[in-house]
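Would you mind keeping the following structure in view while I ask a few things?
Should a chain be cited, it is by its letter among A, B and C, assigned in written order, with residues numbered from 1 in that chain.
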């Protein structure tokens, strides 16, 4: 997080307090690549246990939102809060300064992410992938980690494939293992970055089924970027349409999809419907 | 016309085989230094300090662009000029180790860069530390593509050991020269040395290829 | 003796040595290219004997040390009736040694030309020789240049060994200067810098320029 514009951080609270503190807050977040503005003063709150889907045309900044939350990208201005504490910044002598690596690792532990291309570790089995984080980071013993991993693999329906390497698994199977791997770290926030975009149509339901199960059973806060509008309608509490690095419009699935107010929202939705 | 003297051959063979042991020792020692130092060099190029990256990068380029023989002379003779005396073995091992560390660092770099970016991101997503990420995720995947290069350089180091003869290390070339000078016969010593090199380098190269295939299979990487 | 004075005093030595090294390098490179082409093509021939000869050449020169080869050709070959000038032994041996490595590059490059090119040439009823010359080799040339660039630097470094059979190249002259003055840092340091300048600022840019020229010639920008 070195190359940044110095800006006035005194306007941002050191901690979020009060009732109903959002699990995730983007406050005035801007992200640029050179002169290209990808996120433009974004303000977004996600409540605990809420399921938010982000849709929008490519280049609108939706994936960047997830990647910044996962600290895969640096922030240029603004502050991101997770569970009431700043993620991108930390407190020093009563003021906010840029977070150092140690602080990032601390807060990052609350967030888990699944990727479009799964990114399973190819030299480990499905079980191996799922125990890696718990053992190396959380300090669980092999027995404890395996117990937890098997539970989760069972949850995603991959228990019988636990000793297989990713190269032996289909895309849908790999993505399900990836979800188990992320859940093994017991995150408070789960991020899904176009997790079905690289799958054959027949196996998409394998993965959406697992995610649906998570919504019902766990009090997880979830952020999802997807093109699957139908699925988004089904499980989201809120859908946000991104355009040019800002939220164009947001609301409940029924409100946004059936009754879009803004012209750009209407254009995008009709284009998407046509494509399907 | 030359004729091969077998009596002479048997006479000098023990001495040459002993020297072969020294050659293998020198090659093995140099390689061990190079393997470790090479890793240091490549990791130094991946830190966030741009100065360090630049300096190490230029150093690696410099070492790879200049003759090993010259580097051996430099390390052996420059020390005494400033009061530091190095034994031929020490100077030789340092020179060979440094030279091949530069090459190996490039091999390692190729291996590390061949690991897909998504692996780094997945490791970060489960909050693995940088050290753990390198140790458990990146290096195991960087190794198979790097092994071919590493094996080639093992054979290469072995073939470069004769250069140490010029600073007095008693390996194969040095011994053959001595035998030749003592007996005024060079045919047998030089030919035997050539054959010994073949006898060691060809099987080693073959073994390395087999080891690489086996390791790749064991780690489940189908590429 | 300050460095500048050192340079001016011994400049003629260094220059003579450098010129000799360049000569050795140029000739060795030509030998290597020729040997690589011939043996690389031989290795892809139909005849088993032809292939075997190429393999023997390649394995012997790749399996033994360049220094051993130099000594062998200089001291042992005369015993079989072939006495060569040490200058000739120098570039010939270096060229043959690195030509053996180049053979593998030639083979790889030719095989990297898409199968469809061979078939198209056949469909036009070209003879094998014409096909190789007009269609395959030009395309293989682009593929071969990058690794060949590295090989050229290895050849340049390899020529340093000819000093050990008393060819008066840069390595040889530098050693003489060192023996006379005991100013090892200055002597060997200067030589290192000269080799570095040639490798980094002459050989590499020329090879890159060649790559661009060839790529343009076959229509790849």
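Here is the rule we go by: a contact is a pair of C-beta atoms (placed from the backbone, for glycine too) under 8 Å apart; a residue touches a chain by one contact, two chains touch by 3 or more.
Since we're looking at a predicted model, the values are computed, not measured.
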{"item": "Chain A to chain C, fewest steps along touching chains", "value": "2"}
{"item": "Per-chain Cα centre nearest the global Cα centre, belonging to chain", "value": "B"}
{"item": "Cα-centroid distance, chain A relative to chain C, in whole angstrom", "value": "55"}
{"item": "Cα-centroid distance, chain B relative to chain C, in whole angstrom", "value": "21"}
{"item": "Chain A and chain B, separation of their C-alpha mean positions in angstrom", "value": "46"}
{"item": "Chain B partner contacts - residues on chain C that touch it in the complex", "value": "59-60, 63-69, 71-72, 75-76, 79-81, 153, 157-158, 160-161, 163-164, 171, 174-175, 178, 182-185, 188-189, 191-192, 195-196, 199-200"}
{"item": "Complex contact set, residues of chain B against chain A", "value": "48, 116, 118-119, 121-122, 124-129, 132, 136-137, 140-141, 219-222"}
{"item": "Residues of chain B that touch chain C when the two form their complex", "value": "1-2, 61-62, 64-71, 73-74, 77-78, 80-82, 159-163, 165-166, 173, 176-177, 180, 186-187, 190-191, 193-194, 197-198, 201-202, 205"}
{"item": "Of chain A, residues touching chain B in the complex", "value": "2, 70-72, 105, 108-109, 111-115, 117-123, 125, 132-133, 136-137, 165-167, 178, 181-182, 184-185"}
